[in-house]
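Have a look at these structures, which come just after this line.
Two complexes follow with chain A in common, the first pairing it with chain B and the second with chain C.
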Partner chain A sequence: MKRRLVSILTYTFLTVTAVFSVFPLLWMAISATNTSQVVLSGSLVPGTHLYDNYLALLQNQPVWRAMGNSFTYSIGQTLLAMVICSLAGYGFEVFHTRNKDRLMSLLLMAMMVPLAATMVPLFQMMGKMGLLNTAIGFVLPSVSTPFLIMMFRQSARSFPHDIIEAARIDGLNELQIFFRMFFPTMRATYAAALTIVFMNAWNNYLWPKVIMQTNDSMTMPMLTANLMSGYVVDYGMLMLAVLLSTLPTVIIFFLLQKSFTEGIAGAIKG
Partner chain B sequence: MNRVETSRKTHTGRKLTLYQKQNLVGWAFLIPATLLIIWMCFYPMLRALLLSFQSGTGARMSFAGLKNYAYLLKDGIFIQTLKNNFIYLIIQVPIMLVLALALAALLNNPHLRLRGLYRTAIFLPCATSLVSVSLIFRAMFAVGGFVNITLMKLGLIQTDINWINGSGETARALIIIALIWRWTGYNMVFYLSGLQSIDSTLYEAAYIDGANRFQQFRRITVPLLKPTILLTAILSTNGTLQLFDESYNLTRGGPSNLSMTMSHYIYRMSFETVPKFGYAAAMSYVIFILVAILALLQMKVGDKR
Partner chain C sequence: MKKLVSLILVLLMAMSLVSVSAVAEDGSHKLTVWCWDPAFNIYAMKEAAKLYKEIDPAFELDVIETPWNDLQTKLTTAGMAGDYSTLPDIFLCQDNAFQKNVLAFPDMFNDLTASGVDFSQFGAAKTAYSVVDGKNYGVPFDNGAVIQCVRTDILEQAGYTVADLTDIDWDRYIAIGEDVLAKTGKPMLSSTAGEPDMIMMMLQSAGASLFDAQGKPAIAGNEALKKAMDVYTTMVKKGILVEVTGWDGYIGTLVNSTVAGTINGCWILASIQTAKDQSGKWAVTNMPKLPGVEGATNYSNNGGSSWAVSSNCKNTALAYDFMSKIWGGSVAFYEDILPSSGALATYLPAGKSTVYSQPQEFFGGDTVFTKITEYAGKIPSNYTGAYYYEARNAVAVAMTTILGGGDVDAALAEAQSTVEFAQGV
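Coming up: the complex of A and B.
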């Protein structure tokens, strides 16, 4: 009897939590198909105004431009971060010496540095280098992160040293070993890194807000936030913009959910 | 390794030993990442420190000593934002972590039905950007909006609550709700990974010894998950002290700065008014020092228990 009660309570708690977790996203998607008035009336019925909202959004903001920018910046950041951080993680683990370990602990301190502190100097540096409103400016500060280096270092730990030795004897140089042996074996870690970096880059808001000062260089989160700033807010149109800006990360989430959780598991081990 | 080294040395006197060569190759692997972190993080951090001792606007800056730091103590808005950050930290982080831990413990049960579905659903908010979260919650909690209508239908309130601009309490509560919604699943995933490395025979032994589910949770799960709990606590503390998107988009810091975060105020001081870079840098150092102190404190406490 008692066990039954516990089980009922468990399922109720989990179901309620799951519903609360999904509901705001569902509400957002439904609202994207309704007029602003209907959205505000609290309706939960999908409407027929999706296309009208889309046309209004097109007229109001350069959505596809922002979408393209967000993709360019995010893909660029993801590829560069994966290469640079995996090289470093591999280097720290496979060639580790006391000095390299010391350097790693020093780099970890970068995790504590708030963007609010570096944002003004970085903004000035980017200005001097002529990198305002550019993809390079977006990408540079977040290509190399201690978290990602640590993740790759953890996974390099499980990479058998015998393989490296054997490859050396076969005459492969260190870069060849890295790209031909390590890279293909560590697909799961790379997939996890891809999800983490892409989502961070796509969702980044403060930094692009600092350096992207033209309409042509704007990102999707910036564009959606702008829609809220008028006196009269068209909620249907706004929710459509939110939907569009959420779709890519949700798709990646569903495709790579497993490797994402595995990546986190790998990063917290040891 | 030693033997290889000596044989190489005798063979070619001036060439690098194998060990030295590998050491250099190793440095080559990590130099791009290291230089980028120094250039894009440590160096700006140093520049911010220098800035924090200067005052003036734009290009005309002059040395001001500790004036900026002294002014912090007199700046009512800054003190308010500091308070706000601590309210978010003290209320939101514990609720979220306990909730995430409870959910992970429940979902770790292999006999649970629909386990994958629950996990995916609870984890899903992580795929939403903080700006999107802010805008969705702002729309849902609008005056006359969905949440107010639903609460009225349920008879829980009589009139609309002005969540966003009504009072500091409601605005801060709204931010806390949004944060819990967005991050609980994320932390749950950390705990689920941690739980998988706990040997299940421990639970069987405890069950045979007559320990109930709650006792098992307290005596086995929590102590063994300690490193993970510590990690999530540090990450969330760090994140909470740096909050920007929610304050900026969900409540706009309002009403009258009662829900504004430090980062939001720094942004305003740097880019939305006549730029006071020096003062903003001083404020940002307060965040940095708080993050560092709290991380060290948590590591100390975590070590003792």
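Coming up: the complex of A and C.
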């Protein structure tokens, strides 16, 4: 009886939180099919204006170019971040130097500093390096993040050191051990990292906005912000843009959902 | 492994190619502009470029769409980093933030006083927003003259016409509001909770500011501000003004007929007109004035923006010529942009144009644009300074405290000390 009561309470709680989480997404999808006036009236009935909103969006904003840019920058940033951070995390765990833990603490401290605080010096740095308004300047500050390094280091703890020793005896060099032994075993961690980095890269807004100066380099979050900046906001069109902008991260998350939970659990368990 | 390394190398090379193509070429007849709103500012800028092309056929204009908040972030970052190389030739700046930016980053702006733009042809209160130490740093653009928009059908149900709401003070407005609420069940106004726009409009209508002439905060003991707070809280308590959450909620109350009217900058016309089924049911008049306050008028300003020429401009002669001949010299240009964008000028000669005196069907056939241009000429100036937004926010906090039953004088004194702290006084 008591167990049943606990179960009822648990499911009630989960249902309520699920409704709160899913409702905004549902509202977004429904609003994308309605006119602005209907959206403002708070209607929850799907409309017939999806195609009109799409045409209006195409006419107003370079939506496919923004989508292409978002993909290019996000994939580039994700791949670079995965390679750099996993190498760093692996290195921190496998190799031993006197000050590596101090260095790790320093890195973790850097995690506490928000971008807004480092933006001006970063901007100055990029300016001096001639990287303002370039894709490299765009992705460079995000290719190495303390969180990812920590995540890969934690995962590397569960990687048996005996295998490394055995591989060394068999004549593999350190990079070969990393790519041939560590990389295939840690797929779940890579999947989790991929989801996190891709999502962050896709939603990255402040830094790209500051460093990129042309309409050609517009990404989806910038496009969405543009749609909200006018005296008159077309909410139907805006919601369609938000929906399109959300889809890639949702798809990636659902594809890698299983590995994501495994990877995160692995990193936490250590 | 080799595959991976080559993939990364290819990726880096591809990205550097992207970056090369992203750098804009700098032609001698080309200007780059940052501004926001494709239906309004961007449209106007592109139309201006078309007209200027008739004077200079080689002229090119590149508009980079940048929402205001981002534009401010970019100005601040560039200003603090001391690297102006990313700035465009011309950018649009909100009037409320203009003096703040000039005072914080004086090297970022070109002094336009002797640029050839005749500033006497613009509304005095509007021009004042971009003047610092007697120097003009901005070319005024869109009009933020405050208007009162009312639903004539709702007023009619309560036995009133728009004439009853014209040239009145807030005491009379509240009396009418109570009556309308009792007879129709509809509040007169709506406002976004926690936003002090309404208070600021009332304050400027009496020619009062949150700062004195020396730039020191003048919030505590400011009689006009106290009266404005009193009017606002009375309206909220009596249900004449309904507070809503967020901008979307505010627009919702207008297009869904929740309220009988609104008071805001004239740019609100565009949002009102999205409710096409309400055509002919709206009328425009001036706002009520503060009763018993010296210098009180029925005219004020909210919002609006002006063009600045950045110090990174490579061809100032071209930028000045473009600004003075089109933005500060062409009635035809303002006639051209009005019908499609509703962008109302502060360039006074444009107000006399026949395009401005066209009756507007949506507003019962009234010549609203002529009316608004007249209002714009009667607005008292106010001082915004470098800490305007800090002061606005402090006033918003005070407003919430007072609405919650707090003491007016204590709340304003607290706001005063918050701004003084921000100023480091």
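Just so it is clear, the second predicted complex is superposed on the first by the 254 of 270 C-alpha atoms of A that agree within 3 Å, B and C clash if a C-alpha of one lies under 4 Å from a C-alpha of the other, contacts with A are read in each partner's own complex, and residues count from 1 in each chain.
Heads up, the rule we're going with is that a residue touches a chain if its C-beta (ideal position, glycine included) is under 8 Å from a C-beta of that chain, and two chains touch if they have at least 3 such contacts.
Quick caveat, the model's predicted, so the values are computed rather than measured.
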(request) Specify the outcome, clash or fit, for chain B and chain C once both structures are aligned onto chain A. (result) clash
(request) Determine, under the contact definition given at the top, whether A:M199 touches first (chain B), second (chain C), both, or neither. (result) first
(request) Check the residue A:S259 against both partner chains and state whether it touches chain B (first), chain C (second), both, or neither. (result) neither
(message) Can you tell me whether chain B or chain C touches more residues on chain A?
(response) B
(message) Once chain A of both complexes is superposed, is A:S41 in touch with chain B (first), chain C (second), both, or neither?
(response) both
(request) Mind working out whether A:S70 is in touch with chain B, chain C, both or neither, as first, second, both or neither? (result) neither
(request) Could you say whether A:M228 touches chain B, chain C, both of them, or neither, answering first, second, both or neither? (result) both
(request) For A:Q154, decide between first (touching chain B), second (touching chain C), both and neither. (result) neither
(message) After the superposition on A, what does A:V210 contact: first (chain B), second (chain C), both or neither?
(response) both
(request) For A:L79, select first, second, both or neither according to whether it touches chain B, chain C, the two together, or no partner. (result) second
(request) May I ask you to decide whether A:V120 touches chain B, chain C, both, or neither, giving the answer as first, second, both or neither? (result) both
(request) Kindly point out the stretch of chain C, out of 23-31, 77-85, 113-121 or 257-265, that overlaps with chain B after superposition on chain A. (result) 77-85
(request) Using the superposition on A, tell me which residues of chain A are in contact with chain B and, in the other complex, with chain C. (result) 40-42, 119-121, 123-124, 206, 209-210, 225, 228, 235
(request) Over in the complex, which chain B residues touch chain A? Could you list them? (result) 22-23, 25-30, 32-34, 36-37, 40-45, 47-48, 51, 99, 103, 106-107, 112, 117-118, 120-140, 142, 144-146, 149-150, 181, 184-185, 189-190, 192-194, 196-197, 213, 227-228, 231, 238, 241-242, 244-245, 248-249, 262-263, 266-267, 270-271, 277, 280-281, 283-285, 287-288, 291-292, 295
(message) Show me the residue ranges of chain A that touch chain C in the complex, using the header's touch definition.
(response) 36-37, 40-42, 60, 72, 76, 79-80, 83, 119-121, 123-124, 127, 131-137, 139, 175-176, 179-180, 206, 209-210, 212-218, 222, 225-226, 228-233, 235
(message) Looking at the complex, which residues from chain C come into contact with chain A?
(response) 1, 4, 7-8, 11-12, 14-16, 18-19, 21-24, 36-40, 63-65, 67-70, 73-74, 77-78, 80-83, 85-86, 88, 248, 251-252, 255-256, 267-268, 270-271, 274-275
(request) State the interface residues of chain A toward chain B in the complex, per the touch definition above. (result) 6, 10, 13-15, 17-22, 24-25, 27-28, 31, 39-42, 84-85, 87-88, 90-92, 94-97, 100, 103, 107, 110-125, 140-141, 143-146, 149, 174, 178, 199, 202-203, 205-206, 209-210, 221, 224-225, 227-228, 235, 238-239, 242, 245-246, 249-250, 252-253, 257, 260-261, 264-265, 268-269
